[in-house]
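Each of the two complexes below includes subunit A, the first together with subunit B, the second together with subunit C.
Up next, the complex of A and B:
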């Protein structure tokens, strides 16, 4: 599996920069919620230029596109190239009359990139999933809870995760990460 | 400075690191590695507290977390004290500042000790009997008295300044306890390849091996301490093993979910403020090995609670592990072999051990022989029948037990320390918490774990296995079996050769025989709660038969040790009194937490600003800069009103209301819930979910939608726009968004899975800017492109897409004020820039920004309901005069059938009306009752209540909405709102106060 780097740090100062863990706000992306049965899924994949995975908790990706499985008929599509409007048009055209729902959620979500050897430890302060890399391996994605916020967690590297959350929850998620990371500053 | 009872060398303390600390204001010296208890003992201090009920002087009894007596308060900063810590668990640090509790004015002179003289009055059940009558005394006399007397220690005055952390962890095998069994289990599981967490409540891991000085005890031909060190080093080197010292497993919950409390900084003199004080570990373990050892049982003889009377093994621990002598002249009372090891170790340290009084008629074995060989006087069939000494034991009264069980005096013996050992109780607390049922082992006279209920197993002495070799072997097996169950493979390490540490025998339960006047002596069973053997017998005499009832009546076993010291003795006394066997009487259930846990540890990071998500809109920052006041709506912060300098809320809202009606106002509606409903069956779906008809709504049109639950009651409302044939933009109330989405999804998945339609929350995709007022069109006209704002092209309740300030928008023409209005939906990240552009226009038109309070007033003037204010889950569309929102030709919708229920169609239901007070300046209180009579007779039902009430700037007077029984038929009549200052007369009017024809909408 090649390096997953759909999300790029947005260039601002990191939210957290501690020994062993860094948290960056991700630059904007085009995002879609795609819903539909198999017939829609097989048409959407080629149009989006990366297949929509059908294995639970998995993801597929290219250099600039990713599709995260969120449910039997639900995917989160991420694109680092092209405008949301243009991508929307391409997928809609490919689907035609095939029943489905494509909704632009580019602005609904924001993302944090959590990286470093202590990234999993940092996340596990609020997230109850087993993040051992043999259990939650690179490429896995799931909708879950981060303390009291709903998030989508995606493992993009052995020591790198992406948190996608609704934008108004971001200060809460980032605030908790910063609070928890304080003890990493202690030598 | 001198520590009179410190031995010259030995122990696991760091003599190169002396520390000074204070206890009740006096300064003392100790060493790094001491506990507060061991340091106090090294300074020859036994008296550390007063007992809860009788205020009797009490000393350190144990060396572990089961300590019932030595509860002290610690002070760090001003206002940051921690009460009720066990001195046996407090690690000494430089400057530690401890105070004793439950005494006034001082520990050695305590006024409360008068209770001890009055003790005959305070027998078990005293509270229940004394505080019953007269009932009128309860609030004024009894409860304040009990509250003043109850509770130990002083609660901290200020908010906790410490930080607390949380970690969720998973492992294959969690091992609780790091004594020989735990170390062996962790080693076996780790060598099997399992992910292991090993935790122990103590600072150092090793358990009983840490004070095993006996040179004859060896593991793999090494002293026990070296085996511990090597084993721990191997575990630490394994990156699949997590070692957690200072970590108490305090709760065993369902599905092998175990909560651990790690004390991170409590042992540090000057902890880094960035470190958490404690960390909650929430561990999900595939398998658990409980290796919590056994606890030595006190002996129940008269006056067994004086300072200087301690557990025998504790005397040994303080000597061997901490280098502190518990006394200079020691007497040992025992019924079991292990106390002889204490006798030998103390004797070898130069302490006078004058007597071992063994209850058993003929104790035999290697330990006894060794004691005798060391020159210690051993008396079989001898009991302690009482003690003397006010603040420290000075004398033990002895008795000889005759073959018939009676006791004759055998004189007395002077001592400054009396060690006792009634045998060992397997520590089954966590097994019991795991919902396991203990079984009674006749041979050992102990309750041991029965069948496992969860994926756990006990190992070592907590399941009655004794003797070092057997315990280690049992640990290896438990670790191997646990690993096999968790990961499918297990490896048994080769058992080390163990010499020494053979299992001892013996033990006793219950009150011991004596030759004293039974009515006058007290033999304590539960030290912390001051429960005596007599109290337990009294409870039985008064008719309590179940051990659970006896426990609650006497409070035995309800102290912080949860009866780990006292339960077996209490049970034995009860079983004798009831003339039933011990297993027949049964053991009480142990519950979480194992030992007390701080609130901070349970709260972890959920405090202050991070307690809940604080949701802010894209326009929040602007409102903040404008000095807006905010209110909480669910998790959202919403701008409440925008006061100008000198304005209070009332003035600001009056100005905002007037401005909107006169010119134009700008309102942040971003928090409205939004759901994009997409798919070929989208219209059909909405037709079933809402009361309104949707199939014929044209693309580009809006409709107000009313949503009922199955019972026919209003659940939510909102405006819905048809974006395309197969795409709707649904809005919900701010607080209702998650509930509405769940409700829709529920129906879609369970009732109508055949419909091709999908729901996506888009609440946060859009910033929503409401522009309301007669000049609303004028305000936005210069900013929009591709949208024809002309009334014919864009009438009320229609929408268009285009751009505003170059940003793509879904522009709705909609009003919640009764004025001409637009709601501009733009992508969230562009919300603020579009808002500011519109704001410039609004300012130029002498408009204003307004908040939720003004929004509420304006809609109330129009009689528009707010779900949750005019409705409370029992209100139908007809109740609020909204029959018009029901599609009359529809075959079905959620709640439709319920609207025909007899109780819904019956007359006399509460209906929405307007109320006008006779005095226009009187604003009614929301929630106030509405009655027929000005001064109704007591117990007359109210006709209804006020749901909304405001001063209306547009009407220049107060207005109110109310739900009133048969309210519409009462229009024109006068009703009353009774208030403490007298009834307020109100006239029933239409709920639409302003522009009833709606002329201002259609402009």
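Up next, the complex of A and C:
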């Protein structure tokens, strides 16, 4: 399977379950915001094991970890729940005195998994991006606006996306998706 | 909708992802305490406000978060060029001539 499966559905009933599109809340993950210049990036990448991508809007991942490019000096790191303390220690040890900022944002963010053949259609109700898979291909990630809420959008499969948003924005984002998904039922 | 090209992301994004940052290439005086009030006011408040091409700062705040510079025509709202912060101001006359064609 070519899909990236860092995020797993949390096991509860889907937030949205419509014809052609499903939205699940993701189970908890360890998350870090990492910022630093190139000197810090080349040390943190191997320490985190995925390497930190330097191509705009790209991501790199292993089976259980992922690093998403957010800006020329900013990355979002994702790893299995409960591994935050260990990862923090390893990256801090690798960086030493190199100036950087590594912040645990596990509790700040939460994620929605949007899947199904109409997933891109559902997202495009609020997103201005071209989500055609030749333009926004699998593995691409970007920070953008979902209506009025800032999100990180990551394409994890041809018909699967992950929305990483601040947990206080979640009811707003999930509510909009649920509302738009009603159109899929009517059609 | 105005589409703006971000030189760091390398893609065009809608204006709503960006914040305007005022006129570009205004250097902060090295020693503000040695300036007269008039000189300081000149730095703080006085802007060229041209009719036509203007170099201005923009920030891709809901994207990569970077500040960059852009040449925009204040009459037509067209963006003629974007370039990274720290790069030299492009030749405005040449850009104006190209835009006029």
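The rule is short, and it goes like this: the second predicted complex is superposed on the first by the 182 of 187 C-alpha atoms of A that agree within 3 Å, B and C clash if a C-alpha of one lies under 4 Å from a C-alpha of the other, contacts with A are read in each partner's own complex, and residues count from 1 in each chain.
Here is the rule we use: a contact is a pair of C-beta atoms (placed from the backbone, for glycine too) under 8 Å apart; a residue touches a chain by one contact, two chains touch by 3 or more.
All values reported here derive from a predicted model rather than from experimental measurement.
Counting only touches as set out at the top, which of subunit B and subunit C does A:167 meet: first, second, both, neither?
first
So, A:114: does it touch subunit B (first), subunit C (second), both, or neither?
neither
For the three-chain arrangement built by superposition, which of subunit B and subunit C touches the greater number of subunit A residues?
Here the partner covering more residues of subunit A is B.
Based on the superposed arrangement, let me know which partner A:144 touches: subunit B (first), subunit C (second), both, or neither?
It touches subunit C, and subunit B stays clear.
One more residue to check, A:70. First (subunit B), second (subunit C), both or neither?
second
After lining up the shared chain so the two structures overlap, which partner does A:15 touch, if you call subunit B first and subunit C second: first, second, both or neither?
A:15 sits against neither subunit B nor subunit C.
After the superposition on A, what does A:25 contact: first (subunit B), second (subunit C), both or neither?
Neither: A:25 stays clear of subunit B and subunit C.
Looking at the overlay, what does A:33 touch: subunit B (first), subunit C (second), both, or neither?
first
Pick one for A:185: touches subunit B only (first), subunit C only (second), both, or neither.
first
Is A:106 touching anything from subunit B or subunit C once the two structures are fitted on A? First, second, both or neither.
Only subunit B; A:106 stays clear of subunit C.
By the touch definition above, which subunit A residues appear in both interfaces, subunit B in one complex and subunit C in the other?
128-129
Can you name the residues of subunit C that touch subunit A in the complex?
Subunit C residues touching subunit A: 1, 8-11, 13-14, 16-17, 62-66.
Within their complex, state which residues of subunit A touch subunit B.
28, 33, 35-36, 73, 85, 99-109, 121, 124-130, 132, 135, 147-149, 166-169, 171-172, 175-176, 179-180, 182-183, 185-186
Can you tell me which positions in subunit A touch subunit C when the two form their complex?
Listed in rising order, the residues are 56-57, 70-72, 74, 128-129, 142-145, 150.
Provide the residue numbers of subunit B that touch subunit A in the complex, in ascending order.
Interface residues on subunit B, with respect to subunit A: 163, 165-170, 195, 272, 274-276, 282, 284, 605-606, 609-610, 612-618, 636, 676, 678-680, 756-758, 760-766, 808, 827-829.
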